[in-house]
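Below is one structure, written out as C-alpha cells, with a few remarks after it.
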Amino acid sequence: MTQLSQESAVDPTASSQAADAVDERLIQNVTLADALRSFVNRVRGGELGMLPVVVGLIVIAIVFQTLQPTFLSSRNLVSITQFAAPVGVISLGIVLVLLLGEIDLSVGSVSGFAAASMAVLIVDKGVSPWLALIVGILVGSVIGLVYAMLFTRVGVPSFVFSLAGLLAFQGALLYVLGTQGTIVLPQDSGLRAFAREKFLTDTQAYVLVALVVVLFVGSQLLTARRRKAAGLTPGSGVLLGIKAVALAIGLGYLTYYMGIARGWSYLPVLFALLVVVMDILLRRTTWGRHVFAVGGNVEAARRAGIRVQGIYVSVFVLCSSFAALGGILLAGQLTSVSQASGTTDTNLTAIAAAVIGGTSLFGGRGSAYSAMLGIVVLQSIQSGLNLMNVDSSIRFIVTGAVLLLAVTIDSVSRKARSSSGRG
Amino acid sequence: MTQLSQESAVDPTASSQAADAVDERLIQNVTLADALRSFVNRVRGGELGMLPVVVGLIVIAIVFQTLQPTFLSSRNLVSITQFAAPVGVISLGIVLVLLLGEIDLSVGSVSGFAAASMAVLIVDKGVSPWLALIVGILVGSVIGLVYAMLFTRVGVPSFVFSLAGLLAFQGALLYVLGTQGTIVLPQDSGLRAFAREKFLTDTQAYVLVALVVVLFVGSQLLTARRRKAAGLTPGSGVLLGIKAVALAIGLGYLTYYMGIARGWSYLPVLFALLVVVMDILLRRTTWGRHVFAVGGNVEAARRAGIRVQGIYVSVFVLCSSFAALGGILLAGQLTSVSQASGTTDTNLTAIAAAVIGGTSLFGGRGSAYSAMLGIVVLQSIQSGLNLMNVDSSIRFIVTGAVLLLAVTIDSVSRKARSSSGRG
Amino acid sequence: MTQLTKRPVGEGSVLSLTGIHKRFGAVQALTDVSMDVGAGEVVALVGDNGAGKSTLVKIISGVYAHDAGEIRFDGAPVTASGPSARQDLGIATVFQDLALCDNLDVVANLFLGQERSRGALLDEIEMEKESWRLLRTLSAKIPSVRIPIAGLSGGQRQTVAIARSLVGSPKVVMLDEPTAALGVAQTAEVLNLVERLRETGLGVILISHNMADVQAVADRIVVLRLGRNAAEFRTAETSTEQLVAAITGASDNVVTARAQRTAGGLS
Amino acid sequence: MTQLTKRPVGEGSVLSLTGIHKRFGAVQALTDVSMDVGAGEVVALVGDNGAGKSTLVKIISGVYAHDAGEIRFDGAPVTASGPSARQDLGIATVFQDLALCDNLDVVANLFLGQERSRGALLDEIEMEKESWRLLRTLSAKIPSVRIPIAGLSGGQRQTVAIARSLVGSPKVVMLDEPTAALGVAQTAEVLNLVERLRETGLGVILISHNMADVQAVADRIVVLRLGRNAAEFRTAETSTEQLVAAITGASDNVVTARAQRTAGGLS
Amino acid sequence: ANEAADNSGSDSTSSGDSASGGTIALLLPESKTTRYEAFDKPLFEDAVSKACSDCTVDYYNADQDESKQAQQLTTALNAGADVVVLDPVNGEGATGMVQEAQGQDVPVIAYDRFIQGADYYMSFDNETVGKMQAEALVKAMGDQGSILMLNGAPSDPNAAQFKAGAHSVLDDSGVKILEEYDNPDWSPENAQQWTSDQLSKYQPADIQGVYAANDGQAGGVVAALTGAGVKSDALPPITGQDAEIAAIQRILTGEQAMTIYKPIPIEADTAAEVAVDLAQGNDVPTTSDTGIDQSTYQDVKSFIFTPIVVTKDNVADTVIKDGFYSASDICTGDYADACQAAGIS
C-alpha cells in the first residue's frame, strides 16, 4: 500500500483534485452532508436499490404484527429464516440464470430428483451419506451441463429445454422412487441434524457478527486508502462509520432477539454465506463481470472477446447445482423425499423470490441479495397467513394482494426514476 | 383499382424497373425459378418461419403413427383438434402479451374464475346462459383492465401482478364456488352442445374450405395488381397458383379425412377463426403494427408518438378476455367447473404453446399462428402418449424428450441463421 | 465568455425555451438554458460531447421532463407532456440514437405512428411506394425496404430516421447529428433538405459537430458548454476559429494546435 | 472504373484479404473484395452508405463468418473464427454500432474482456485510475466513470469505445467511423491518436465519411461501391473530387452540384 | 359430418361385438400417490388377464388434470374400448365423460370415486374414510383436548369429502379444533411449515392431537413437531391415510397413531371381474367372486368396500398379511427394533 501511494506521488495523473471529481457538473459526494444530500436526491429520483423491498418487508411485518402479535416473536423469526433457506438456495441459482436473461423452469423438478437420488442411495443402496450428498449435487451439475450444451451447441431456448426438463425430471423422480413412494432419511442422518437441529451457540453467533463487521470495515478502509493513493476520491469516513455502527447494531440486535428462541439455525447461516460468496463472485470477479456483460448485451460481450459459451455453461451448471443442493436441504428439513418433492410451487416460488428481490427477467440487472430479500418476503407472507388461519379462498386472495403491495413500493419508485429519464 | 393504375402511369416514380428491384445487389425474386432459388437460400440461411415447427409436427406424427397405428386415425385427429381449441384460445392471448415482451402467469386462474362465475350465474342464480357467458368474458376483460392500470399507472412488472393474480383468482374461484365445489352445467346448455356435440356438416365444411381458398387467391391477386400499378414488383403468379392449389388440396383433404369420423367440431373452427382474425389484426392494422413496435422497442414507439399506454391496455384486456373465453369453452367441453379449473398446468401449457409456435419471450417477434401450431404440437404429444399406455414416470420423461425434439429442429435452423449473421 | 448576439425580440419565434434545468442523478446536465427558433430559420446547436445538446432536444420533443424552465410554442406555453403531445403540436425530431424498431421493416418504421390505411387495413402498397420516393430524395442506398431495420448499415438507418421526419407536416424539425453516419452524397442531400425546409417556412434546429456543415446552412448558431448557454452567433459574422473557441472554452485548443501542426487541417 | 494504384507486392502486409464474399438473405453484401494493410500504415476504407465497409470490418474481426475468400494475418492464413480468436491474434476493433454493455459502467466497459485483477478479485481502483488516464488522452468530457453507459451522450459512448481499443496491445486497429459522433476537440484527438498508432508501427484501418479527415491521416484509400472494390488511391496523389467520384460512381453527383451551388461547400 | 361412418368405428382396430376378448380402458387420476401405479394398475391388469387371457387393458393416467382425463377418455373410446373403468379426477364433474362413453354404448365403471350415472360403482367411500380417521383420533385422545386439522388441497374435490366426513365426527365430539388448514397440493412441505408456524403461537403442549388427511401431511407434521423439540416418543396422536410405507414405519415407532388402509386387491379384483363381464356381454353377478354384495348407491349398482384403520396392533394382520408390503420393505434399518417389538418379521 505504501509503495502504491509513493508511486502516485510521482504519477503525472495525480492533480490537486481527485481524478473522478473534476467535472464541474458533478454533484459532489465527499462529506457526510454531501452523502446525505445525494441520498435524498437519489430517493427523489427513484434510485433506491434494495430500499423499497426492505420497506415492503417492514410494511408486511407491521401489518401482520398488528393482526397477530406472535408474528414478530423470536420463535417465528427463527422459523421464517429456517424455512426460507432451502428455497432461497434454489432462488440463488435462478438469480444467476436471470442475470443472463435466461430462465430455468425446471429447478423444482431437479431439486426433487436430486434429493430422491440421494435418498435412494443412502436408504436403499446403503451408500455413505457424504458420498450420496455429493452424488446428489453432481446430478444437478450434470443436468446443468446438458442444459448448457443444448443452449450453446443446439441453440434451444432456455424456456423450452427447461420446460422439457420440468417434465422429464418429474418423471425421473417418480422412476427413482419406484413403488415405495416416500423415502424417509435415516434418523441419525447428518443432513437431518444439520437442517433441523443445529443452531449456532450464542458465542458463535456473536463472534460471527463481529467478524462480519470487522471484515466490512477493514475492506472499506483498505479501499479508501488505495483510492486516495490512486488520486481518486476516497468517500466519506463518517458515512463509513455510520454504516459500520448500523451494521453492528442491526446484526447484533437480531442475533440477540433470535437468541431468545433457538437462535440462528445452521441452514440460514449456510444460505447467507452462499449469498455473500455469490455476491462477491458476481460483483468482484472477472467471471461475475462477464455474467453481467453477457446478460446486458451478449453481442457486445462476444465482440469484447469474452468466451460467452463458457459463461453460459458455468451459470447453467451452478443453477442446477444450487437447485439440487436446495432440494437436498429441503429433504433434510422434511426428513423425507416423496413423489411430491419439488413438483409443487417450488419453481414459481424460487423465480418469484428472485424477481421480487429486484432481479430483472431480462438480464443484466440484479444481485445475489435479491434471492435473500425475495424469499424472506414470500416466507413472511406465508408465515403471517399461516398464523392468521383464514379460509383458503381468502388466503389465496390475501397472498396475492400482499405480494402486490410488497412490490408496488418498488414499482412506484422505479416509475419515478424512469420519468426523470433514467432507465 | 383501375383508377390507381392510371395514376401510376403518370407517376414520375414509375420507371422501367420496379422501384423495389433497382438495387443490383438484390437477388431477384420474380419468376418461379427465382422464388425457388430464394427459398433454397432461405433454408440454407436458416430463415424458415413456421417451417421447422411444421416439420417437428410431421416428425411427431410419424413417430407416434409407427408406434400406434390409431394415432393418425380420423377419430383421433378430430379429438386432437377438439381438445386443442380451448387452451389454444388462451394461448392466443398469451401470444399478444408476449409480443409486447410481457407475461401473464394468471391466465389459468382467470380462466377458471371466469368459468366459475358464469356457471354460478347460470346454475345458482338462473341467469340466462347468453348473459352469463357475456358476464364471464367481461370478468376477464375487467381483470385485464386492472392489470393494465397496475402496469401503466403504477409500473408493477407484469410478472409480479400476474403472479399475484394467479393466487388471488384461484382464491376467488374457491370463493365463488363456495362449499358446493363442482358445478355441473345444465344438460341442455347451449355451451355444452357447442363445445361437445356440434360439428360442421360436409357441405358446410367444403363451402368453408372453398371460401378460404377464394379469399386467399382474391386478396393475393388484388395485391399483385395494385403493386404493379404502384410500380412495384408484383411477385410470381405461378408461385401464387402453386400456393393456392396446395392450400385447396391440403385443406380439402384434411376435411375429407376428418369427415370419415365426425369432421370439424365447432370448437376448432371458432379457434381457427379467432387465429385468422387476430393474425389480420396484428399484421394488417395500425393497432397490430403498434403492438409489434412497442414489443420491439417501447422507447422508439413512444417517441414515434404511439400512445403506448393504450396498446398495453388493449393487449392486457384482450389477453384476459381470451383467457376467460378459453376457460368457458373448457367448462363447456368438460360440462362442469370445479375448484381445480384452470389451476393445473393451463398456464404453462398456454405459454409453452405460444413459445413453441415461435413467439419470442422478449417481445416483437411472433404470430397468431404460433398459438395454433404450438398447441397442436403439445396436444399431439399428449394424445400420442395417451395411446401408448406407459407408466407416468416414463410418460413424463418421454413428453419432455418429444417436446425438446419438436423444438430442436427450429433451434438448429435458427442457429444456422445467427451464424450467417442474421437475427 | 464570448459575445452574445441576441436575436431581436418581437420577431415572433415558433419555439422558445427559457431557463431550462435538468438533472440526472448526480449529474446536472442542463443549467438555465435558453434558446429560440423562428419560422423559416435554421438554428444550429453546437457544443462539445456531453454538453447537453441531445438532452435539450429530448426535452423539447417531450421524451424527458425538464426540472425547471418554460417552453413556449407559437407564443403559448406548452403544458402537455410526452412525445405524442409534442408531435401533435408539430414538432418532428430525428434523435441521435435514432429510436427505430429493429424488428420492423423500413416501411413500417418510416410510417410508425402515422400509418396510411385503406379502410380498416394498412395500405402497405401506398406506404411502400411512398417509402421509395422519400428514400430516393435522400439518395438512400437501401437494397430493399422489406428487410428489418436490424439488417441495415449505420448510414442506412440514419437515412430512414431522417426520412421519417418528412412524413406528416411539422412546423419545427429537430435534427440531432443527422449526418453523422451518412456518406458524402447523402450528407449533401440532407443539407439540401434543410435548406428546402427553411424555404417552406419551417423552423429547423440542427445539431452537428461538423463546423463546415453548420456554417453552410445555419442562420444562427447557439453554443452550449457543460450544460450552459456559452455563446450565440449569427453565422454570417462568425469564423470557424471563433466557434471552436466557444465550444472548447479556449482559443488555444487541440484543434488549433492540430491545424497549425498539419498542412490540411480543418480548412 | 477508376484507376487502381496497387500496393507493391512483397512489402509484407500484416493483414490481407482476398476474394471475400458475403451474402445476407437476399442481399449480396460483398462480392470478391480484396485489401491489405501493412505495419505502420493507415488505410482508409471509404464508400457510400451500405457499401459493405462495416461488413468487411466485422468479417475481419470475426463477428461474421465470410462465405468465401481468404484472410491472412502476418502472412499465415487465419483459420480460427470468432471475435476472441481474432483478438488473440492482435486485431482490435472499434465497431460502428459501438457494442457496449448498457448496464455496465464506463470502467467495466473499458476493460471488458481484459479486466485487471489483484489476486482473485477485480482491481477496481487500478482500472478506474487507468480509465481516467485513457479518457483524458482523448479529451473525453465524461463527468463520472461510475455511471452506466446507458446514461452517456452519443459522443461520450464513442469515446469509451475508442478508448477500449487502447487497452491491450494490438497489431492492427480497425476504427469504423470513430469520429462520427465526436466533438471537434475529440475528433482532433482521435486523428492525433491514429498518427501515434502509425508511428508505433501498428496497421490501422480507418473508415470515415469525412474526406478531409481521411486525406489528413491515411496513407492509402480503398473505395468500396455496392459491395465491390471500386478503386484504390495513394492519398498524396488524390483530390477530393476524384474520391467523391469513385464513391458515388459518377463525377457528376449531388456533392459537386451542391459545391457549385453554394459558396462554402466541402472546401 | 359423415354420420354413417361415425358409429361403425371404421378406423378402430377392435370392436365390441366379439364374444371373447375385448379392450378395457383403465383411467386413473394421478401419479403422485403411490397407490395407483404401484397397486391399482398392476393388480387390475393381473386380475383381468387371469379372467380373460385375450382381453387387453389400455391404461391412462390424468396427472390430476380433469381436462386431460376427458381427452384420455376420448382417446380410449377412439382406440376401441369396450368398457371403461374410470377413476375420475373429479367425480362430480365426470358425468359428462360418462355420458360420452355411454353415448357410444360403452359401459362405465366408476372406480374408487363416485360418478352420477355410471353403470357400476366400486369404492371405499371418501366420507367414511374421513369419519374413520376422526373417530380413531377422538378415541386416541379420550374425547378431549385440542387438535390441529390439516385437510387436503382446496382444489381437490375429494379432499372436501374427507374433510366433511371428519368434521361430521369431530364437530360432535369433545375435541376442540384449534386451527384448520387446507393444504394446497397436499404437500408435506406446506404441512410442515404450517404446523411450525402454529408452534409460534401455541406451545407444543397445547396440541393433544393432529388430524392430517393423508400420510404425506402426517410426515410433515411429525417433522415440524420433532423440529420444535418434541421427542418422537412424546408426539400427540396423528392421523393419516394411504398406508404409505413411511406411515406404517411411523406407526410402528409410535410417531403416528393410525392410517387408513384400503385393501386395494379386493377393489381391483372386483373391478376386473365386472369389467371383463361387461366386455364379454355377460351378466354381472350380484355377489362378486371376492365376496362383496352388490348394493345400490344413488341409483348406481355398487360394490362398497370397507376401509381398514391400521394401528400398531394390526399392521401384521392387514398390510403385511395382504401382501401389500413385505416385512422386509418395512423393517429397514431404523425400524428393525420397532418391528420386533410389534412382532413383525
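Going by the order they are written in, the chains are A, B, C, D and E; count residues from 1 in each one.
Convention: contacts are C-beta pairs under 8 Å (C-beta built on N, C-alpha and C of every residue); 3 or more make two chains touch, one makes a residue touch a chain.
Values in this document were obtained by computation on a predicted structure and should not be read as measured data.
Chemist: Once the contact rule is applied, which chains count as partners of both chain B and chain E?
Modeler: A
Chemist: By the touch rule set out at the top, what is the minimum number of steps from chain B to chain C?
Modeler: Steps on the shortest route: 1.
Chemist: Quick one: point me to the chain whose Cα centre is farthest from that of chain D.
Modeler: Relative to chain D, the chain with the farthest C-alpha centre is E.
Chemist: Compute the centre of every chain as the mean of its C-alpha atoms, then state which one is farthest from the centre of chain C.
Modeler: Computed centres place E farthest from chain C.
Chemist: Provide the C-alpha centroid distance between chain A and chain D, rounded to the nearest whole angstrom.
Modeler: A distance of 42 Å separates the two centres.
Chemist: On a C-alpha centroid basis, what's the spacing between chain A and chain B, in Å?
Modeler: 37
Chemist: Using Cα averages as centroids, what's the distance between chain D and chain E in whole Å?
Modeler: 73
Chemist: Between chain A and chain E, what distance separates the C-alpha centroids? Give it in angstrom.
Modeler: Going by mean C-alpha positions, chain A sits 40 Å from chain E.
Chemist: Can you list the chain B residues in contact with two or more other chains?
Modeler: If we look for residues of chain B contacting two or more partner chains, we find 23, 25-26, 170, 174, 391-393, 395, 422.
Chemist: Quick one: which residues in chain D touch 2 or more of the other chains?
Modeler: Answer for chain D, listing residues that touch two or more other chains: 24-27, 63, 141-144, 151, 226.
Chemist: Can you pull out the residues of chain E that are in contact with at least two other chains?
Modeler: Each of 31, 37, 154 in chain E touches at least two other chains.
Chemist: Under the stated contact criterion, what part of chain B meets chain A in this complex?
Modeler: 101, 103, 105, 150, 154-157, 159-161, 163-175, 348, 352, 355-356, 361-362, 391-401, 403-404, 407-408, 411-412, 414-415, 418
Chemist: Which residues of chain B touch chain E once you look at their complex with the stated criterion?
Modeler: Touch list, chain B to chain E: 69-70, 73-76, 79, 82-83, 86, 170, 174, 179, 181-182, 184, 192, 196, 199-202, 205, 258-264, 330, 333-341, 343-345, 379, 382-383, 386-387, 389, 391-393, 395.
Chemist: Per the contact definition, I'd like the list of chain B residues that touch chain C in the complex.
Modeler: 13, 19-20, 23, 25-26, 223, 226-227, 230-232, 280, 284-286, 289-290, 292-293, 295-297, 299-307, 364-365, 422-423
Chemist: Enumerate the contact residues on chain E facing chain B in the complex.
Modeler: For this pair, the touching residues of chain E are 1-2, 5-6, 9-13, 31, 37, 58-61, 63-68, 70-72, 74-76, 78-80, 89-90, 92-93, 95-96, 99-100, 154-157, 160.
Chemist: Spell out the part of chain E that touches chain A in their complex, as residue ranges.
Modeler: 31-34, 37-38, 154, 179-182, 184-190, 192-194, 196-201, 215-216, 219-220, 222-223, 226-227, 244-247, 249, 329, 332-334
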